[in-house]
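Here the structure comes first, spelled out in structure tokens, and everything after it is commentary.
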Amino acid sequence: MFKITDLDPRKLQDWQVAEAAEKHMKTITRLAEEAGITADELLPMGHHIGKVDFMKVLDRLAGKPDGKYIDVTAITPTPLGEGKSTTVMGLVQGLAQCGKKVTGAIRQPSGGPTFNIKGSAAGGGLSQCIPLTPFSLGLTGDIDCVANAHNLAMVAMTSRMQHEFNYDDAMLALKGLRRLDIDPRNVQMKWAIDFCAQSLRDIVIGLGGKMDGFMMSSGFAITVSSEIMAILAVATGLKDLRERMGKIIVAYSRKGEPVTTSDLDVAGAMTAWMVKAINPNLLQTIEGQPVFVHAGPFANIAVGQSSIIADRVALKLADYHVTESGFGADIGFEKFWNIKSRLSGLTPNCAVIVATVRALKMHGGGPQVAPGKKLDPAYTSENLPLLEKGFANLLAHIETVKRAGVNPVVCINSFYTDTKAEIALLKSLTEQAGARVALSEHWLRGGEGAR
Amino acid sequence: MFKITDLDPRKLQDWQVAEAAEKHMKTITRLAEEAGITADELLPMGHHIGKVDFMKVLDRLAGKPDGKYIDVTAITPTPLGEGKSTTVMGLVQGLAQCGKKVTGAIRQPSGGPTFNIKGSAAGGGLSQCIPLTPFSLGLTGDIDCVANAHNLAMVAMTSRMQHEFNYDDAMLALKGLRRLDIDPRNVQMKWAIDFCAQSLRDIVIGLGGKMDGFMMSSGFAITVSSEIMAILAVATGLKDLRERMGKIIVAYSRKGEPVTTSDLDVAGAMTAWMVKAINPNLLQTIEGQPVFVHAGPFANIAVGQSSIIADRVALKLADYHVTESGFGADIGFEKFWNIKSRLSGLTPNCAVIVATVRALKMHGGGPQVAPGKKLDPAYTSENLPLLEKGFANLLAHIETVKRAGVNPVVCINSFYTDTKAEIALLKSLTEQAGARVALSEHWLRGGEGAR
Amino acid sequence: MFKITDLDPRKLQDWQVAEAAEKHMKTITRLAEEAGITADELLPMGHHIGKVDFMKVLDRLAGKPDGKYIDVTAITPTPLGEGKSTTVMGLVQGLAQCGKKVTGAIRQPSGGPTFNIKGSAAGGGLSQCIPLTPFSLGLTGDIDCVANAHNLAMVAMTSRMQHEFNYDDAMLALKGLRRLDIDPRNVQMKWAIDFCAQSLRDIVIGLGGKMDGFMMSSGFAITVSSEIMAILAVATGLKDLRERMGKIIVAYSRKGEPVTTSDLDVAGAMTAWMVKAINPNLLQTIEGQPVFVHAGPFANIAVGQSSIIADRVALKLADYHVTESGFGADIGFEKFWNIKSRLSGLTPNCAVIVATVRALKMHGGGPQVAPGKKLDPAYTSENLPLLEKGFANLLAHIETVKRAGVNPVVCINSFYTDTKAEIALLKSLTEQAGARVALSEHWLRGGEGAR
Amino acid sequence: MFKITDLDPRKLQDWQVAEAAEKHMKTITRLAEEAGITADELLPMGHHIGKVDFMKVLDRLAGKPDGKYIDVTAITPTPLGEGKSTTVMGLVQGLAQCGKKVTGAIRQPSGGPTFNIKGSAAGGGLSQCIPLTPFSLGLTGDIDCVANAHNLAMVAMTSRMQHEFNYDDAMLALKGLRRLDIDPRNVQMKWAIDFCAQSLRDIVIGLGGKMDGFMMSSGFAITVSSEIMAILAVATGLKDLRERMGKIIVAYSRKGEPVTTSDLDVAGAMTAWMVKAINPNLLQTIEGQPVFVHAGPFANIAVGQSSIIADRVALKLADYHVTESGFGADIGFEKFWNIKSRLSGLTPNCAVIVATVRALKMHGGGPQVAPGKKLDPAYTSENLPLLEKGFANLLAHIETVKRAGVNPVVCINSFYTDTKAEIALLKSLTEQAGARVALSEHWLRGGEGAR
């Protein structure tokens, strides 16, 4: 049988590791069954990916106590990469090796930056989520559903503006419409497209004449930054999602009153586009543990958390559930704690802060890193003063987690160039700060981070 | 067991008939198995819809002779509706009642007009394709894939224009690019969105400054009119699709030379978005016969044919395969015969021309029909002279089919208001024109057409 | 004393002839006095140009009978030039040589094409209007006044649209305004600029946000094509001009009702900008006869006639007044006869049709002429058949003039390359057509036309 | 004979005072003659306005010593008005009453705000510049000339961009052009129109296709803010103006190099439009003293000074010449001293700072003033503490003038509501600050300021 330890991550690209693992991956039927999901609850999407009917699972297991809830966050991101997704996968794989029933939850990557070549967002080295290609290429279409729901609101809004412009009040009344009187210079919502389409950021629409709409400034934003993606992340169920879908403010009237999707009578149809997407996707690690992939990335411009629904389902199925918060703890964990946890009512048992010696050296004032250039020796040979100076960054994130009353565990994602003295110094400083330390060399099989 | 004949289409809306039938529909596993598709060839998409790995089926059944090939077309469309999709479903259901192994193939509806309330495009009355809601709401995401592939080309083109504008030849060479020198006033391709977004038809893009792209006129068209949708309809396999994907002309250079997706090095990535979509979707009639749904509608602005791939798979699986050509025979059958048949090498055994007494009366000069108004008595009571005059329309379509050397069968989709004398006259005129006649009252269980 | 006959037009460029003549030109005071204009009626504009207070002149000379009224028009224009302005100047100079009291009237050239290098529009050779530079460069600012009056209407309209958009009916009422409800997609008026500014032809305005106006499609047209320039040409006095100024339709309301400058309460202020411009400008020929320059060119896109006011003043001052109608008689004379004459009540005593042997040869099928290329021998050596064929063009224009009941006189503007046989043939054909013939070699001192 | 002291400014609107005075104003011929301008040097523009051929005057009087040079500036402007232009006129009229040979110089108002109803900019009450209507309505067209010169540069630039876009290097070389490669996103120059046309501030041009120019963001600014208006204000002669006209940076190339009007070969033609405008306009006070009006307003967005040429001519003609610097001394006097004086080489003998009790009270914290509302009692009854607090504003301006080494004279433009104690306090504070004080009640016949 296939053992990932037969693969040498130092000789293989991430995608080669994934490709090797995919030859032996479990069918979605077996994966679901092993995870405790019934055939009725599984909505297969091909042979290796499925969606899970979350309502059926939550109904069936309503009385079962939740597993342990682990949130993975990190120090402030650097171009060097810290390996946050890798750590999530590594934790899931490691806990499984320890004989625990474990699940993970990560976010679906955007199609935009994918084609502009960033990391796969699926982890790296020997700690990855597979199958990799569908993971990177739209998966089961959730982002498309968000775009469709989002753009449907925009179509409804622009059509309404056109109608209100073409018709007087009497004619509107005949059509059963009251005048919303949207101010074209106070429209809050843009269109959604899941590409990095710079030329669509700032546009003028409606130029074609009477039948081609109302002329105004507009633009497209990346789909994963849509408020609907945020709603998908924080909704606790379909009813909650439907309610939130109707409260989206698309614009303001000329009198300054908010105009919502409910005012446009479009929230129901928007929700219809989300009925499929609200069910979380089920994939696996390269060692065959269940991983939920649900909701979008980018904690800087969006919520950037895996979904509450995925976490709730996973906590019913597993003893340990590892979820991920984007960016550093100052954004990602804050949004996890202040938004997601409040809405879900779920409190994490601990928060893992991923740190690397290299990234802390950069925060300590190490030289800039240019893409494609050889790393400066500051990062590949011992430099204790730089590391000590950079520890201030980690310290701040430890305190952020502590302020929430959550136990911080610092995971040092170590590289083969880190020296024993550096690891020892970092361990010692962290423990002095009152946080526990885990070394990835022990349980993480992963490579050097995604990039 | 459920029998559709227990339902009375005169008392139920189409969606109520569909809802009743969906309670008893076959699982996708059973539907595929009965159709002769192996578990390995079926890619389930939930419990009642699947995609079929067409390459595996065609490989396995390469030596098996094709079934009979029936194309359904119609007289020139009128606001009254002729019942073309209904006839396809009715034919499949009827042939199955006759004990034949039969399949159908129709096109996936566009999200645009769906929300502007046209027919469901799934047939009507007791002859429908189910499950209806996913059929109407994006199905398995093929149209989204077309939009993504399409817009990826546009992103590549606009980014390239921006780069070429910002950089001189030396800098471009460093990046491994030769100057394509696209003329912004001679761009052929627009963006794709599958909504009727009038305000996006005629737009100015790239207004935001240096980082926000190159300013030019642009616009969005409905996704189903994309050349990529046409390619999906006519491709004979993945290799063929990949080749066609690289030949799309996006613009012309300032010297007037065509610039293709290959010139933009984007055809491979576009194809990646289509790998899932190229497999046809499998659904069922309300009586449980297999129906393939693949490629897009609108024979007026697009190819408007169900896909060659769906037809090829179906002809291997069934004794009789009923496929559909959009619009009247003058557009739909012509595109079927002159484009689709030439590329597929498949010749139909007969072509069914759907006609109604009512629509022919309108072609004969009957009064206009207003939506929501009561029908003029000309259509609901006997009027032989009007029918005879309107027969000229049917005659022309019969001759179009004959010119192709294909046998025309006129299917009179009769309504309960048609009189015996009218049916007799239409039958007699048709037979004098050298075409055979079928009466839907005998084998079609369907209602009065979708509208 | 200076005699223009000392100058050899074959050795000098037009501007050199003008420069030589300008050294000896009359002061505006003397020119006006000799023309019978009092010091009080003359508004000097520097030393050699003046405006004439037309109301004072017309009041003082109300009882004096008008002089003879001669309109100069031409065959259909060709790239070879026919010498229409040259003929006007030549006629004025020639009639003065014959001892007649004579005046001329031509139109002020546009700044647009001037800088795109067309003819000076001041005549050519030994028959020109001077001083040439101010004539070509805005003269006394009449076109600027037209632009200011015109753009004031546009400012009023766009401000009004902005106000009506920002305020509700109650607030508008407070400001004393009723809602005009202008349809931004049905605006008839564009902005005016007297340059050939192609990039301003089709623009989108009002992009800047709430304070920067209402967003809509708009554009700039050349000032001389403004309706206000047309009004300047046909107004019979200030009161008439004021009334016409208020009737300009700037747009239509969304209900389809016309919105005028009066509705915008701007007609009075627009008229204020025209008070100076309504007085005709007084210049002179290179032999010192008075020439009025008033209103704009381009009979194809505008009225293209010198002003009624200039003609009325001139007819009181002179025994013979020569005025000019742009383009060929089919446009220029038609507009003179059907518009200008009807509004002025002035009937011409004769109409001169300028023709050249060369241009008629081109109308007869002679080869195309490229700018900067040597003329084809067809034009510089004898070719009687081509001339005879081309005479059809002249014939049509003779008939146009005759239909108006006006005597046509064909002025053959002869070139030194014309042969005696050609002149004889043209003379003979013209006389057979019932028109009188004048040869420019006898009394016209002019050169070969402007180009 | 007419005496302005027969008019009661408390009973008449400003325009009524002007109208009464205009009935008795001097002809331009007499005005010029009395001012010492010869008939040859005067370019009459109608009967009461003229332009002065500055080169002839400066040549003739080159050896004559300059008169005394007085600059009028003010405290920081308030909505109450300080009466700066009024003070200039008052000083000219007052010095003339004292038997001095005196001239004034003010700036021509913009057509934009005029129609949006601000002050006439011609002074007020019994101290005004006449004739008022032509003064307010374009005068002799200088602003139009600036607009024409300015827009000619824009036409040249946009045409060039279009040509360079349409043609390759070889074709450009054939036309004798080198590629300027203007970056459309780095164009510095906008178009000019002398109206407050908000909707033209931010526009997109060039939408019409291949022949209608290059698409880019653009806009119109008010003509008086044009760099060409600044050049008119500071040019010392035609040669200097021509040189400056060629140095205007219209845009930057894509490599970041400046592109000037010289690069566009348009500076000569632009200068041709300014040949008339460079001569200062001559008008008169309502008591018949010569006033030059030349160059544009708005010291905040432009230079905002009357022209160097006007001042140089006036200083040769008069014993005392009073010129005006816009806004408060912190902008207007600074620009006068740091820009205009450096370029002209002319040092003022004293600087008058106009102040009012009312405006200083506002600077001291008095209540806001709403247009059309009755003034707060704080301004119309005695309030010494408010005045004392507001004196800080005047103090700062006194020090600004002193820093330049120029003698400040504070002119208290008193109102009938000012109390004796207030005047006494203001006088005392000013003298303690080391500045001399003049009371307008003695020599200024003017009203209460323009508004």
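Letters A, B, C and D mark the chains as written, and numbering starts fresh at 1 in each.
Everything below uses one rule, namely that a contact is a pair of C-beta atoms (placed from the backbone, for glycine too) under 8 Å apart; a residue touches a chain by one contact, two chains touch by 3 or more.
This is a predicted model, so every value here is computed, not measured.
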Neighbouring chains shared between subunit B and subunit D, ordered by label: none
Label of the chain whose CA centroid is most distant from the centroid of subunit B: D
Euclidean distance of C-alpha centroids - subunit A vs subunit D, Å: 61
Centre-of-Cα separation between subunit B and subunit A, whole angstrom: 36
Whole-Å gap between the CA centroids of subunit A and subunit C: 71
Numbers and ranges of subunit D residues touching at least 2 other chains: 204, 207, 209, 217
Which chain pairs touch, all of them: A-B, A-C, B-D, C-D
Of subunit B, residues touching subunit D in the complex: 165-166, 168, 184-185, 204, 207, 209-210, 215-217, 254-255
Complex interface listing, subunit D residues touching subunit C: 43-47, 51, 111, 115, 133-134, 137-138, 140-141, 144-145, 147-148, 151-152, 154-155, 158-159, 161-162, 191, 193-209, 211-214, 217-219, 269, 272-273, 275-276
